[in-house]
Structure formats: C-alpha cells, structure tokens
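Worksheet: one structure, shown below.
By letter and in written order, the chains are A, B, C, D, E and F; residue numbering begins at 1 in each of them.
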Amino acid sequence: MPTVSAHCDIPCKIYDPVSAQLAALSVIRFMDLIAELDGKDKLSAAEHAQFSRLVAEKENHAEKAKHEVRVIWGDYFKQPQFAKFPDTHDLVHRIMLAGSACKQGIAREKGEELLNLINEFAEAFWATKGVNTYTATCPYPPEQQVVYPKLD
Amino acid sequence: MPTVSAHCDIPCKIYDPVSAQLAALSVIRFMDLIAELDGKDKLSAAEHAQFSRLVAEKENHAEKAKHEVRVIWGDYFKQPQFAKFPDTHDLVHRIMLAGSACKQGIAREKGEELLNLINEFAEAFWATKGVNTYTATCPYPPEQQVVYPKLD
Amino acid sequence: MPTVSAHCDIPCKIYDPVSAQLAALSVIRFMDLIAELDGKDKLSAAEHAQFSRLVAEKENHAEKAKHEVRVIWGDYFKQPQFAKFPDTHDLVHRIMLAGSACKQGIAREKGEELLNLINEFAEAFWATKGVNTYTATCPYPPEQQVVYPKLD
Amino acid sequence: MPTVSAHCDIPCKIYDPVSAQLAALSVIRFMDLIAELDGKDKLSAAEHAQFSRLVAEKENHAEKAKHEVRVIWGDYFKQPQFAKFPDTHDLVHRIMLAGSACKQGIAREKGEELLNLINEFAEAFWATKGVNTYTATCPYPPEQQVVYPKLD
Amino acid sequence: MPTVSAHCDIPCKIYDPVSAQLAALSVIRFMDLIAELDGKDKLSAAEHAQFSRLVAEKENHAEKAKHEVRVIWGDYFKQPQFAKFPDTHDLVHRIMLAGSACKQGIAREKGEELLNLINEFAEAFWATKGVNTYTATCPYPPEQQVVYPKLD
Amino acid sequence: MPTVSAHCDIPCKIYDPVSAQLAALSVIRFMDLIAELDGKDKLSAAEHAQFSRLVAEKENHAEKAKHEVRVIWGDYFKQPQFAKFPDTHDLVHRIMLAGSACKQGIAREKGEELLNLINEFAEAFWATKGVNTYTATCPYPPEQQVVYPKLD
C-alpha cells in the first residue's frame, strides 16, 4: 500500500477515491493483524517488532486516507457538487475524526467506520460525475464491502 | 521554511496555526521573487533555474499551508468549537481552494487571500482556546499582517 | 494523484495494481497538458511555472508507477506465480525502462507504453489470484483503456 | 506538529526559529506522554501501540528541531552574525547533541535542554536582526517558557 | 545512514552500489542491536523505546537497499549487461525477497543474506563497467565483508 | 543517487562520508548537464523539461550533501575529534554555505568547492578513526578526485 503522498493539484482532473479506500482497507487489515498478536500470551522479540511495524503502517495509511479525501474535497468539490451533496463538509470532517481515531486506537470498528464513511464519500463523488456505482467485496483481505464505479 | 510534513495526531494538543501562517507568507514571498524575474527582458540559464526552484517551493509551501490547516480543523475542531464558529467548515474549504490557486498561479493576490483566510482561521482558533490575539507585521519579508496570540 | 510512497511489506496481502495504473494514467495526462503548452507561440511566466509543475509531477508519478510495480513483483510474485507467467521478470524490467523514458521525455507514446505494460502486468497479477478482468475506459482524462478486476 | 521537512534555501529570507521551538516543545510533550504510560503497571495492546507512536513522533520532532536550526545557522549566519555571537558554532553543535539525546532517550531533562538551547539560539537570532524578544509560557502543553519576538 | 530516497533517473550515469551496501550493513547492525536488547530479562521503558526505534530504522534501511538496487537494475542494466550476466533478473528478485525478509524478521542471517546478494550484484555491476573489485571488511560495525571497486 | 534522507541517530556507529561525496559528485554532474543545455541556441519543450528536472535534482542532492555532513558532525564529532581537528565547526559551516551556493546557482566551481570541502571533511573523519585514505578519480562522471578510506 502506498503511504505518504502528495496530490499534484495541477489540476489534472484525475480524482479517484480508490486510493483513500485502499488506505482504509489497509488500516483494517493492520488492526486484524494487531489483534492476532494481541491474542497471544507472550510476544517474542520478533513479534514485538512486528507489532511495532503494524502500528507504524496503520498510522501511515490512516494519514493517507485523510490526505486523499482532503485532496478530492479541497480541489474538486465546488458549488455544483455541494448543491447535490450539501452535507459533504460534515462528511469529510467525520472522515478526519475517524482517521484520527484509527491512528490513536486499535479497535477494528474504528477502521470499519473509516471505510464506511469513505465509501459514502466515494458514492457521492461518482454521483457528481454521473458515474454509477456498485458494491462488491474487495478481492483481498480484509474482504470488506467497497464502492466501485460501474465502468462499461 | 519547512515543506512536506505530517501531523502526529497523537493527540499531543500542541496545535499552532503559525506553521500554516509561515507557509502562506513563504508563498507570497516566492510570488514576489517570481515577479522580479518576470520583470526582466530575458532570463539567463541561472535565472531560469531560479524560476524553476521558486515554482517548486511555492508548490511545497502552498501544500504545507493546506495540510497544517487540515490537521487543526480535522483533529482539534469538534462540537464546542463549531458552536462558536459555525462557518469553520466553509472557511477551511476556502483555504483549500486558495491554496490550490496559489499552486496553479503566480498572482500575488492569491497568496494574500490565502494568508488572510489563514489569519481568520488563526483568530478563531485562538478564540476557542480563550487566548487573545493581536495583529502585527511579520519581522521579515514579505512583511504582511499576521495574527499572533497575546502571550503575557 | 498520490506521488512518493513506500509499501509496507508487512506483508498485508493487500496488493492492487490500480495504484500503478493510476500513476501511469497521470503521467499520460501530464504529457497531454505539457503538449498543450508546447503548442503555444510564447509562454507567459504563469505558463512557464505551470510547465515546470507538470514536469515535476510527471516525474513523481513515473517514479510511483515504477515503485508500485516493484513492490508487487518483489513481494508477491514467487515460484507459483512465475510458473504461470515465466516472462514476468522481463515484463517488470520493461516497465522500469518505460518509467524512466517517461521521466526523461515528454512523448505521449512513452506514457501509453508504460500504461500498456502495467495493464499487462495487472492482467497477470489478477490471473494468479484467480480473479477475472475486463478492460474499460477510465472515467476521467486521459480516458485510456485500463484493466480492472471483475468483482461480482 | 510538522515532522519531516526541507528548507527551501531560495534564499527567501524568511527564517523563523519558531519551527524549531515548536518541534522541541513537541519532544517534551511526547516525553511526558511516554512517562504517563511508563507509570502504569501493565500496558494493554492499545497502550503499547500508543507508546510506539509516541517514540516515533519524538524521533521525528527531534530530527525536525535539528534540521530547522541547521538551516538558519547554515544559510543565514555569516560573518556579521558570528561577530556578534562568536559562540554560535558551539551552541549549534550542542543543539545537535541534545537533539540526538532526545531521540535516544526518554528523560524529560533532555527535552528541556534541547528547548533551552534553541531558545538561546532564537534570542541570538532575533538580536542579529535588531528585533527585541520576550519570554512567555507557550499557550499549550507542555507549557514551557519560550522566547518570542516582540512585534509591535 | 540515509533512509528514504529517490533516484534521479536523469540519467546522470552516477550509479554506485555502495548506497545499497551501506543500507544492508545498517540492517545487520540494527539486528545486532535488537539482539542485544532481546538478550535482557526485562526491558525498561527507555529500552522499549530504543527497540521500537531500531525496528523502524531496520525497516527504512531494508527499503532503501531494495530501492537502490531497483534503480541500478531498472535504469542501467540493458541488453549488453544482461548478455554478460544473464541471471541478473533473478538475482535482483532474490534481493527483493531478502529485503522483505529483513523487514519482517530480526534474524541476522537474513541481513547477511541481503548483504551477500547485494555484494554479488555490486561485483557484476562493476564488471560490466570494466572496473576490478576487491573485498574488505568495512571500517565500522558490523564489520562485514564488502565488495569495493579498485580505483587506482 | 539518493536524495531526501534522514539519519537514524540510533546511534548505529555506521558513519560514512561517501554518501555526502556521492551527493556532491551528483551536483557537479547536474551542473555539467545544465551547461550542455545552456550552450544550445534554443531549447525544445523536451529540453526545457530536462532543464527543469536537472535543477530539481541539483537541489535535492545539494540538500542531501548538507544533511549527511550535519549528521556526522552533529552525532559523531565530540571532544576527542575536535581536539584533533579544531577547525571542524568552521569547515562544516563552509560546507553548508557551499551547499546553498550550489542550490542557488549553476556555476560548476561551486559544485567543485562543495566536493573539495567534503573531501577535506572525509579526510578528517577517517583520520579520527585511524583509517588511512587515498585519493582517486571516481569511476563515473564527473570523474572528480575523491578521498576514499584505505581498507586492507
């Protein structure tokens, strides 16, 4: 998964919420792997090291999810989009809070909340572009429901 | 000036809009230096190189300004702060647009707009913390008016 | 578009070539925007600045495309995958060369070549996971053909 | 708090030690939060994760403090400034060592030492610019004494 | 040791495997320091923090080793080089796997394997340039055998 | 060539000035390539793009050279080393200024000065470790004289 990133803001008109969705999926995945280690009686040094890595990557991907959403909201959403989806400011702010909660904690439901909010954002985004969407299980762990654009 | 950055979200409770203000001041400064080069008849290779550097740094600092504001808005602003400043979502979104305009163009008024909006954001931020503010000229180019907390 | 990035290598098992595909699409898009500027008689300072930004972003996204492919190839592809697709080493090396060509030049066919090779890589990747694919026009400029997984 | 960063060196003449001071304050804050966790009998997995994050952010901010000071010292300080403050080389080197000590340890006095040295550096910096300074408690945790420029 | 990095791909023709070798040496060194901590009965908070830092740096340097090798392989190695060293694709892929193993584990032999493979790569690289090599102990911990170019 | 980087400060005791030397060599190389373009009557769009890339990479590598020297000076040099080389503070400060000059200009002699100062620093560094050095032409463009440790 990509971690630190910066949007180009050219503007290139290539906006795709899939980057934020992938980051949120990764957050959930790291939470699951952290939970596996948490279930053990005692961690070996190698497992402690793995725990530390999982926390660091969870952090990076939660930040990435927040960043990617900020870019689409801050660059692409303007008057016509807000007219269709007047609650977008609030939705984006809730994504920011959910992203912070994912950094600060390890509870899976926080990761799921982040993904659900980003899916909602993705659905609105594609609707503003006149692109239909469908929901499917992503083809890798953590096998969550993800909103995709219908492309043919 | 610092450029790319990532907020810790610990939460450490150390929020300070001065980082965003410094970034916006830098954007204006780069625009001024770009305008100086733009005023010349023909650029030497060294001046072309300098032009290219100025554009790159303008980009970095506009991104930093957007990022720093997103962090304070997305981590610190919650119900009690929005109750006092109900237009914060909209103000932050205008900062995002102004930041993008600073990346995409070289017109000084776009930089001034970015700084003014961030000053407005800083004023609200300090008010939510019960800290008074004052406005002063920053002690370096581009010598703009900046909102600072009153600390004694 | 995301730019600099680092894969987590946890291993989290979340590999998705869409990040590399998005990066390659961005490269083509930047080449198109560069070509638009190149068609003008004389560039204003603002257009020169935009040219400089486009070159920088083209660079970042070509690097990102190379990096994302390296991660999937270097972490996920092992004996069973190579057995099915014995030319993968060579394909990946051609992607590296195409990515470098995109950094070094501005010719659109280099960008198209990069995307086509990454599409080929994506098709192989999904085949190794038993996921069918389809080809569709991506729902934004530069409106190229992209290989996507069939998810329902 | 901003973490990794790069100074532009345009030279833009916008030097402000406040970035280094904020980074040092953050280091102390992280040490305090680490000490809170250290006071507990047994850490939960979530607390272990938080510990790991605090260490990572302490590292980033100590590096940032060192970097910001290096930039001002290496770009702005020249013959006239050294004439006024002949011990600056040594002061900067002590800041580097204090920054490393903050990375390597968790003892609060190392963080305080870093801040104090940077305050001393800030005082010298503003003096070379003919700007008076005052000392005040920063308006957020860890509520340390910080040297600020007097701006009206 | 340098950590995150990006090759310029200008092409500047300055390729030197020493960067990858230094990164691999650092990985081994971090493993040794991790093993020292692992040998203790109980870690203090400061030692836990140090453990966390060592894991993070091991991660960074393993990524750097992979990245630096990818750059030389992906930019410099072309038909004439592959003619001389037809197994280079496979060697590079084994370096990627060894680098991942160094990220995921703490066993010193994985670090040694990474260094040995990179030494082999360095030897091939210098041979393609007609530069002789020699093997010597590097003048710092972990004092491993490193392949260097013979330069006079 | 590696560009942005961060030293680990573990301390790992792996200090090697070769990273700074490679960065300085790259700076000279980019200046030579810039000079080639500067010699042309009129630049095509592709050449303008290349010019822009060269400037950006020159910037990155000059920053890297400064950073790598700061790390060795700020982490490794202490009382015993300063006793042997009492002018190190001043030498390091001159490296900082030379690095800035390389960012700001395109004159080759600035790049040569940076390299020469870093070679001088490398010679002192190796002397403090009791390692002899020799000078040789580096085996790639720009084929400058570089100080290397004698290792057998």
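Simple rule for what comes next: contacts are C-beta pairs under 8 Å (C-beta built on N, C-alpha and C of every residue); 3 or more make two chains touch, one makes a residue touch a chain.
The structure presented is a predicted model; accordingly, all values stated were derived computationally and were not measured.
> Give me the set of chains touching chain C intersected with the set touching chain F.
The common neighbours are B, E.
> Which chains lie in contact with each of chain B and chain F?
For chain B paired with chain F, the chains in contact with each are C, D, in label order.
> If you tally the C-beta contacts, which comes out ahead, D-F or B-D?
Result: the pair with more contacts is B-D.
> So chain B and chain C: same face meeting same face, with over half the numbers shared, or different?
different
> Taking each chain's centre as its mean C-alpha position, how far apart are chain C and chain E in Å?
26
> Need the CA-centroid distance for the pair chain C / chain D, whole Å please.
Result: the chain centres lie 40 Å from each other.
> Which chain D residues touch at least two other chains?
Residues 4, 6, 10, 50, 52-53, 56, 59, 103-104.
> Using the definition of touching given at the top, classify the network of chains in this structure as line, ring, star, complete or other.
other
> So which chains actually touch one another? I want all the pairs, not just one.
Applying the touch rule to all chain pairs gives A-B, A-C, A-D, A-E, B-C, B-D, B-F, C-E, C-F, D-E, D-F, E-F.
> Which positions of chain C touch chain F when the two form their complex?
Listed in rising order, the residues of chain C that touch chain F are 34, 37-38, 51-52, 55-56, 58-59, 103-107.
> Write out the stretch or stretches of chain B touching chain A in their complex.
Touching chain A from chain B are residues 4, 6-7, 9-11, 59, 63, 66-67, 70, 73-75, 77-78, 89-90, 93, 96-97, 99-100, 103-104.
> Can you list the residues on chain D that touch chain A in the complex?
Per the touch definition, chain D meets chain A at residues 45-46, 48-50, 52-53, 56.
> Looking at the complex, which residues from chain D come into contact with chain B?
Of all residues in chain D, those touching chain B are 1-8, 10, 12-16, 18-19, 22, 25-26, 29-30, 33, 50, 53-54, 57, 60-61, 64, 68, 126, 129, 131, 134, 136-141, 148-149, 151-152.
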